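A, B, C and D are the chain letters, set down in written order, and residue numbers restart from 1 in every chain.
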Amino acid sequence: MDSALVLSNEALSKNIYLLTLHIDSQKASKFKPGQFLKILFDDQRLDPLIPRPYTVHTLSDNRLQILYQVVGKGTTALSKVIAGQVLRFLGPLGKPFPEDLPLPLGLCAGGVGVAGFSFLLQKLPPSHLKSVKLYYGTKTKEDLVRLELFESFGIDIELATEDGSLGNKGFVTDILEKDLKRQGISTVLACGPRGMLKRVKELAERHSIKAYLVMDTFLACGTGFCKGCVIPRKGGGFFHLCEDGPTLPAEQVDI
Amino acid sequence: MAGERSTLKVGPLSFRSPFFLASGTWGLGDSLERYFTEEEIRTYIGAFVTKGLSLEPMEGNPPPRLAETPCGLINSIGLENPGIKVFLEKYYPLLKSYEVPIIFNLHGKTVEEFLALVQILKETDVRSIELNISCPNVAEGGIAFSQSPETVARLIRGVRESFSGLLVVKLSPIGPIMEVARICEEEGADALTIANTYPAMAILSYSPLSIIKGGLSGPAIKPLTLRLVYELSQKSKLPIIASGGILTGRDAFEYYLVGARAFQVGTANLIDPRAVIRIYNEFVELMERYERLSD
Amino acid sequence: MAGERSTLKVGPLSFRSPFFLASGTWGLGDSLERYFTEEEIRTYIGAFVTKGLSLEPMEGNPPPRLAETPCGLINSIGLENPGIKVFLEKYYPLLKSYEVPIIFNLHGKTVEEFLALVQILKETDVRSIELNISCPNVAEGGIAFSQSPETVARLIRGVRESFSGLLVVKLSPIGPIMEVARICEEEGADALTIANTYPAMAILSYSPLSIIKGGLSGPAIKPLTLRLVYELSQKSKLPIIASGGILTGRDAFEYYLVGARAFQVGTANLIDPRAVIRIYNEFVELMERYERLSD
Amino acid sequence: MDSALVLSNEALSKNIYLLTLHIDSQKASKFKPGQFLKILFDDQRLDPLIPRPYTVHTLSDNRLQILYQVVGKGTTALSKVIAGQVLRFLGPLGKPFPEDLPLPLGLCAGGVGVAGFSFLLQKLPPSHLKSVKLYYGTKTKEDLVRLELFESFGIDIELATEDGSLGNKGFVTDILEKDLKRQGISTVLACGPRGMLKRVKELAERHSIKAYLVMDTFLACGTGFCKGCVIPRKGGGFFHLCEDGPTLPAEQVDI
């Protein structure tokens, strides 16, 4: 495990936080977009027991950011961490996003599922950015965090909120569907709640395009040891999310 | 013990380190090399215990397979494994190259299946097995064995007849453990692993209701298994391999003080794959301090 | 249930709140008033369960009596109590003035002692008892009862003959719990408290060696007791009062989902004497949300 | 339980920390010297499970200080807390130091056992201070923390270190003994490791003076509920440290 110094830990909305860590730059250079790390508190306390996984949100030199939503014990504890404290981490873990995703590429994010796309955008050849479109949906306006960051990449962005407080009213997959109908997208990379991923899978099948789903389930080891993180595979058997994923081909998962 | 580390003997085998990687918490061992140097494997890992292996491949249980509880982890993997034959072909050769003793953790649904597994191993150079008669996550076999001393007697007698290597029996903390331990001793087992996980349950969501029934491991159970090791070590002459919530050298040292002679690191591997190195070093330091104190 | 809160019935009694203060975690109750208003007592506390009371005063065990373990607490109080007579004289009158149902938790070393305790209570207005056949911290009686279904049968039959009030039996999580539960039902107990603490052990210092053997309580055991309540509620028709690691409304709600109808708050009182109020409110909120969801 | 804002948490030596809290001033006014509070972390984490007890070190208005030594999980976790975080606490708990302790009064402190004496000195009538002497011993010089504070009361102070690196070489009870022989002390109030308290008890008996021992044992409730915190009483039975103590008459305890 490695050490990380907390540079800041800022609430962006009621439940969404941005954690900025300083880590060893050699270690930093090993992370690829789509990979994750597990974060352990550095204080002998055994609850939560299992370090929680987080995607790399942004990375430059030795500054690694995580965008996270407070949902339970681990994320609540993380939200109480403040600058100057030290955390420990294990990573990089998991497989990166597939390389050379065919353009035009649609990034479909539900809520904090947007977290990992920024690191991808940081690493894409700048010439590709004009062929990338971000579909970003949340329940309400205040959860649409980090818009400035995503705008800074110069990509096309469409927003949706369930309550219509900003962008299109409704689900993010509704706007994605419109573009798929217009055949404006070759590949979709989607991250968000299970319901959204199901919908993306359906849409991709219907419109015969390739989709990858960045999935979520409770992980223990994150290293492939425990076989606990299964996602049913189409036709039988299971993926192990931490080893085979977290990004899985939509047509192969049975959700 | 710090001094005689190179000669820790359990049954017919000796181990360089009293720390074993517990079954199911390092998968099939194919990524040992990713987290340890060869030197580290030889120094710190007394033995690698395989994931529970069955006659036929097992797919394991559907999700959810995991839940965290306060200071504990519930798992219901359901013994996902490629089966003994595939393991011997595909994973065993690589594992052997690490020069670390390999203990085959075996799962049979019936006594007959266990004996069939042992027959297969007889054709190989495998010299150590751990009979898993305590898995709480399978519909047949597993923990049910530990509830029936007669069946355990029949099982161990059968295995002992055809297998002369290291025979470890991994008991369930639930059920007539004292009696089962006595029978293991009578029937010629070499050592006991105390203990497997505790039947437990968690609720993951309310609506729709999603529950998990599985085995509880981790620090939460350490005071319970410590008590079992303490009670058993006074009753049984078999060496005890402690398994339950060993996250630090202190944990192992406490098991040592109540009579354990080797230690399995389980859940700790899931937190940090290199945990065994830290635990080993902490343990040795405590041993040395304690030996000095008791002079 | 949120709606019918005022009519929660367990056996012959009804309770304003399904939350009870567990035996031994609020002493003799003489300081209730220091931490609650009378109104709060009436609203939030379904019942006060006394510390285990014996025929004669008991001094309890020598120190160490406590040790913390990961997310758990080991206690070996050894039933320190002033004896039933002193309790009735000195503490009971004050407790009664709080207008909260009082459940007498009784400890007998033998069946005969239990019956003698019940005889004493017959002379009083006491209408609720909880038989503690599960204390892990006494040399005689306690948990030993829970290991012997025949003795439990004899005990409950005897008590039931002379006591018509609310008869709760508090079971040990260790031993033949299903059988003991069945016997409680057959012999006419009104409710089961599931469960007492788990036999456990901790080492407090190495040199000189200081150990504690006692009962483990707190969040660490919740997944274990939750499983027991789940299994038992499918087998037994008796209402189940859950006791084990209830620190939040969620914990109680989970016990509710697996079949419990009332809840004892134990270790949580030791962390925060007003915990029961928070737990109650959290529980009611979850109940309301859940009822809405399942409409 | 009440909330406390961490104003600072400073390492004074390798293992000794000074925690400064901001608490409600009405609550603050309820604390008397010798009483303690239990501190809970405010982050849903259940390990350590039981809030740990600490004596009030200094108190003025709503600024409450705690002086603590890192020994295990709870104190390690506390040492990682930093300014700006929030803690919760229960208190005041326990009985205050006895009132009107006969002068001249000897305060005998082993290590961080010194913590509670400063609050006593803050509250003593200034005219009494010249009849108070502090005996303060530690293993080594660097653990003799808060000397300036104690000097600021204008009391007599004698120091001892086991390694002789500052003050008298040896145990603090050796210097106390000299003064007892000279009959310079009427009452001793002692706080420190069990061995030191035993020695104080012996000395008080031998010199026929009154001594009070501020004792330590693991507490669960701190409120008298659990009966876990027993200290054997001379002649049989037990004190419950959290209710009857933490300050107990030396001649009545059996240690």
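The rule is short, and it goes like this: a residue touches a chain if its C-beta (ideal position, glycine included) is under 8 Å from a C-beta of that chain, and two chains touch if they have at least 3 such contacts.
Keep in mind that what you see is a predicted model, and the values were worked out from it rather than measured.
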| item | value |
| --- | --- |
| Pair joined by more contacting C-beta pairs (A-C or C-D) | C-D |
| Centroid spacing, where centroids are CA-atom means, of chain A and chain C in whole angstrom | 46 |
| Centre-to-centre distance between chain D and chain A (centres being mean Cα positions), rounded to whole Å | 50 |
| Inter-centroid spacing, chain D versus chain C (mean Cα positions, whole Å) | 36 |
| Multi-chain contact sites of chain B, meaning residues that touch two or more partners | 70-72, 218-219 |
| Junction residues of chain A, two or more chains touched | 46-48 |
| Topology of the chain contact graph, where touching chains are joined (line, ring, star, complete, other) | complete |
| Touching residues on chain C, where the partner in the complex is chain D | 24-27, 31, 35, 51, 59-60, 62-68, 70-73, 75, 77, 80, 218-219, 247, 267, 269-274 |
| Parts of chain C lying in touch with chain B, wherever the complex brings them together | 69-72, 74, 198-203, 206-207, 209, 213, 216, 218-224, 226-227, 230, 245, 253-254, 257-258, 286, 290, 293-294 |
| Touch list for chain C against partner chain A, complex | 70-71 |
| Complex interface listing, chain A residues touching chain D | 42-48, 73, 76-77, 80, 82, 84-85 |
| In the complex with chain B, residue positions of chain D that touch it | 46-47 |
